[in-house]
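Look for chain A in each of the two complexes below; its partner is chain B in the first and chain C in the second.
Coming up: the complex of A and B.
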């Protein structure tokens, strides 16, 4: 079962790489021209084309590119002429910081509030929370970010820096204060979904026969929740968390751009503006790989948490 | 419209529910679908909010030079002049730009939604109806598309094809399609095993007729939910791309782009940012409220307090044709193997 899921993931990633690669073939311009500019001599263009393997048929180029992905060579940036690896290396850590902070805060908050809301179902507190999450869930991430900025940084209260300051050589976490707004935005965007999904999952579980049975046996409520209800909710909830983590990987694009945070998302927007396909491709693959891995983990957790599926694996 | 008593719809609702049980939602529906949607206060609020923004966006362009005194791109005064809403960084009137900046966003999101839901619905229905290799190919290809976040996919397309209107519509529509297809597929596979479909098949009714006459009316609920949800996401996606400077291009007046242009001066002249932000927020909240109300109505859940009992009834029935509630019912959890449906709850999650 787990092996089968692993196989599917590998297949999906390979297909994604093909899809991402096909985009380069649709590119109207000539990458060599883009790197060297308008004044390039035909000889230099030809030389660079040779160097970038642009004269090879598409499948050789695809295989070379794919091989590069496996060996950690992401290609050459058309805008800077440097290697994509060097461009992204420092930004990766900055983005990871943001991702980890947001995930570490958002996951427990989302799950706890969702469970709490499910247990108080129908009461005023549950309805308020559900309403709030419905409204927050509708808002695009940059709207939340701008509202937070006006509230906490520029107009109402002037507490936090609204843009990230990062001189070359400095690390983003040298000023922890500037991490607050971007992380808070990401948290506010993913938490409502986690609340909603945890709530519906928990309500389903709490209404089930085995929970009723446990209650009828006279078990204390806490034991009912933690020993009987929660283990059944783990599988579906893991899926939700995975979805949100994967969303975070895409959502950093907008949030980093908004706060001028020097991470992968900002790099991606810059690359799109420069029509720097190699960089956009590398980042797309990176984000897709993150998505696939996170989903794989969630499925494995789901399989392990569900006795029915577990026994299926053994037989 | 005049039904103010919240009990009336829900009792009608219960009657419908038990009715639907025995004969899989016949045509004899005591309360019409639209009425069930509208009977929820959230839906009314949603329609009012959406209507307000629609009004601004549609009427705005016609009143611009006349009411505000300035065209959307004409020079109105010094940069960052304070006034009713002041001027932007180039000295253009913020209010005029705001009034004219909404309709493109709405049009592109509507087109993307129509494209995405249409494509997804057709693919999902065919996948469920034909089964076999066609089903496998469609759904696996969908999985591949799902692995790239929507915005990232859009950025990839914009890099290659440039920031043009049709690129936005196409790429957002195409990325909606697999998500819609999954929902519609599961809704359809509940319907195609029903006796009336089998009967039609035995009478050798042509396939398109079965799909359009037997299947489509029975998956209207999830389909409408998808339209609402995808519209919300389309608005978010188009606005986000414009905000990134990769959607609408200057000097076009556009809400997303206005936020991008004016955010540098947020502390000096906040209106250029706040007006479009409010408009986009109200619009997406409005459409989301409508989508949620439609989901509630299609699942037979009228008030959230009642949802629990209904939901357990739905769960006991298992997957049925009558009321698949893709937006809110929990993942098909324990019974279904996650291996078969890698993401059972694709709908209520923020999509990438």
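Coming up: the complex of A and C.
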């Protein structure tokens, strides 16, 4: 079961790589021209094209590129002339820091509040939380970001920096305060969905026959929730968490732009502006891989949490 | 009568350790419960549970049986509130409470200690109530731990193994490590029973624990329950709508109607000399194997709808209107029910004769309408049907009997053309039919109609009954709108619903009414063959009887050939002329119903017949 799922993931990634390659190929513009600028002589352009293998048929170029992906060589950036790896390494780590902080805070908060809300269904606290999360879920991330900036770093309280200061050679986490606003924005965007979905799932589970049975068996309420109810919610909730994390990977583009955070989102915007094909390809593949991996993990968790699916793998 | 006295004496002498020193475990008095701010569900309900005896709480769905039972555990489902009454746990009944106590006023923490330990519950559907993500051994062990049974983990492990063997399951480690989905339905239900008996409770509440099990498994489960309650002197409360099951396990019976207990008493007395007309109607609705009681008395009435009339104040039953519309005074049916209910032997004989006469009268002796020739079907290596030959004749019913998975439904769907994967031939009037309905002609489709198992899912909830019913007419006929509506109204009259139902939606109808509407849909374009796929299994016992009665009359009037798929032998016996027994895709017994039931040739048929619970066991 898990192996089959893994095979599907690999296939999806290959399909995505082909799509990404074909679409970037169709983009107008000539990478050699982009690197050398408008004043380049035809001879130099031809030489560079030869060097970049631009004259080879597309499938050879695809295979070379794919081979590069597997060996960790993402190609050469047209804008800087340097390797894409070096260009993205620092941005990737900066974005990962943001992602990990957001996920580490958002997942437990979302699940706990969702479960709590489900257990207090219909009471005032549940209704307040549900209403509040609906409002937050309805707001786009840039609105949340702007509101937070206004509240915490400008007129109301002047506590946090509103933009990221990243001098060359300096890493974002050298100055941790500047991570708070972007992470908080991301957290506030994903947590409401997690609360709402966890609540719905838990309500279904709490209404089930086996939870009623557990209560009629005289088990302590703690045990009813943690041993009988929660395991059944894990699978569906893992899917929601995965969707939200995958969203984070894309949503980070807007948030990073807003806070001028030097991460992958910034790199993406720059690369598109500069027609830096190799970087766009690499970034697309990175984000696609993140989606696939996160969903794969959610599926595996779902399989492991469900004995019915789990035991199927054995027989 | 003598046999049951013997039984009672055995029970007293029994091998059990005399544990309970009290003669009552739980007394529920004047229990009233309602929907929060709304209608009453239980109205002044009182009963007493005594050690070593089982009280059966009998009634139809919605009569408040489960609510009453759960109130004994002080467990109210969401949206219900207590209006009054007490549930008293008697002194000495529990090791946690030496003193008598009213469970309904007990604080939650103390109540929790009693649930599962002193008062245990066996749920209706183990598939929903066992936790799919926990191993079955652990699900039993955790009850023991929660109630601190035994001195240490070792003793508790021993108890798990012991209780598993008490319910007739393997007790080894490997079995305990299985998950619920790795067990059959019957095994799951016995795990549920083991869970309940694990702590040696004083009271056990069984909520229709055999619904959904086939007869052989039901038999085994009932035996287990009976043995365990008597052996360990447990007070039992058994909820059911099936009086045949009551006859098998219960010592006392309380009959519930609309949240009130209308009659109670010792099982023997109540089953033999019922006093309340509703009890009589329920008893009358229980089919019996001997065919000694004709169901519902005379022709042309829907018996239960009519009989219910005198006391059914709770609901303005639409069925009642239909019954009076069909022109039979309610009193006649009531009388008929009263006389047949007591089941005098000479009366039974007369009825049997009448039934036999009917067979000869309606059976037309021409060629079969439908013939099945060497029908085969397999999914990969799994053989579903293995060379079936079967004839359906006009005016005759063939009962197709078999346990779940025997291929009954596949066979009936093949006849109707809903399953085109078979090989072999289905012939209609000598003409070979295409396997799929799509390739059959309009006329062929019209002549074979199908009634589905569940009336709750076979009618589109968004369409009115009239709209649903005229679909077959639109497909095959070129009738005008008015003609179609008239035909639908006639069909509704024919199934004794009445034409006033034409603009209602399925949601407004009860289960029995919906099934009637579904039958009307099958009849609306005058078919010659009716395939009924377990059409009574989703219905209450008394409603089942009325639907069967209806089919019998319709067959009589129209000379329909019917294929009646069921696993309820006792019920279908009343309308079937021929009986076909299917075991794993093969017809193992086939012939006139009476002769097959009297002299079953195949061991499988004999075992099916042995396990059918009947009222006769009360004596």
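FYI, the second predicted complex is superposed on the first by the 315 of 315 C-alpha atoms of A that agree within 3 Å, B and C clash if a C-alpha of one lies under 4 Å from a C-alpha of the other, contacts with A are read in each partner's own complex, and residues count from 1 in each chain.
Throughout what follows, a contact is a pair of C-beta atoms (placed from the backbone, for glycine too) under 8 Å apart; a residue touches a chain by one contact, two chains touch by 3 or more.
All of these numbers come straight from a predicted model, not from anything done at the bench.
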_Quick check on the superposed pair: does A:254 touch chain B, chain C, both, or neither? Answer first, second, both or neither._
first
*Between chain B (first) and chain C (second), which does A:140 come into contact with in this model arrangement: first, second, both, or neither?*
first
_Once the two complexes are aligned on chain A, which partner has more residues of chain A within touching range, chain B or chain C?_
B
_By the touch definition at the top of the document, which applies to A:306: first (chain B), second (chain C), both, or neither?_
both
_By the touch definition at the top of the document, which applies to A:57: first (chain B), second (chain C), both, or neither?_
neither
*After lining up the shared chain so the two structures overlap, which partner does A:271 touch, if you call chain B first and chain C second: first, second, both or neither?*
first
*Which partner does A:232 reach: the first (chain B), the second (chain C), both, or neither?*
both
*asked:* Per the contact definition in the header, classify A:42: touching chain B only (first), chain C only (second), both, or neither.
replied: neither
*Determine where on chain A the residues touched by chain B overlap those touched by chain C, and list them.*
208, 232, 306, 308
_chain A to chain B touching residues, read off their complex_ = 1, 4-5, 8, 11-13, 15-16, 19-20, 23-24, 26-28, 121-122, 127, 130, 134-135, 137-143, 146-147, 149-150, 154-155, 162, 189-190, 193, 196-197, 200-201, 203-204, 207-208, 232, 235-236, 239-240, 243-244, 246-247, 249-251, 253-254, 257-258, 268-269, 271-273, 275-277, 280-281, 283-284, 287-288, 291-292, 295, 299, 302-303, 306, 308-309, 312
_Residue ranges of chain B in contact with chain A within the complex_ = 42, 140-141, 143-145, 147-153, 155-161, 232, 235-237, 239-240, 243-246, 259, 263, 266-267, 270, 273-274, 277, 280-281, 284-285, 287-289, 292, 304-305, 307-308, 311-312, 315, 328-331, 333-335, 337-339, 342-346, 348-352
*What part of chain C is in contact with chain A in the complex they form?*
70, 73, 75, 77, 112-117, 120-121, 123, 125, 128-134, 142-143, 146-147, 179, 181-182, 195
*Which residues of chain A touch chain C in the complex?*
208-210, 212-220, 223, 227-228, 231-232, 305-308, 311
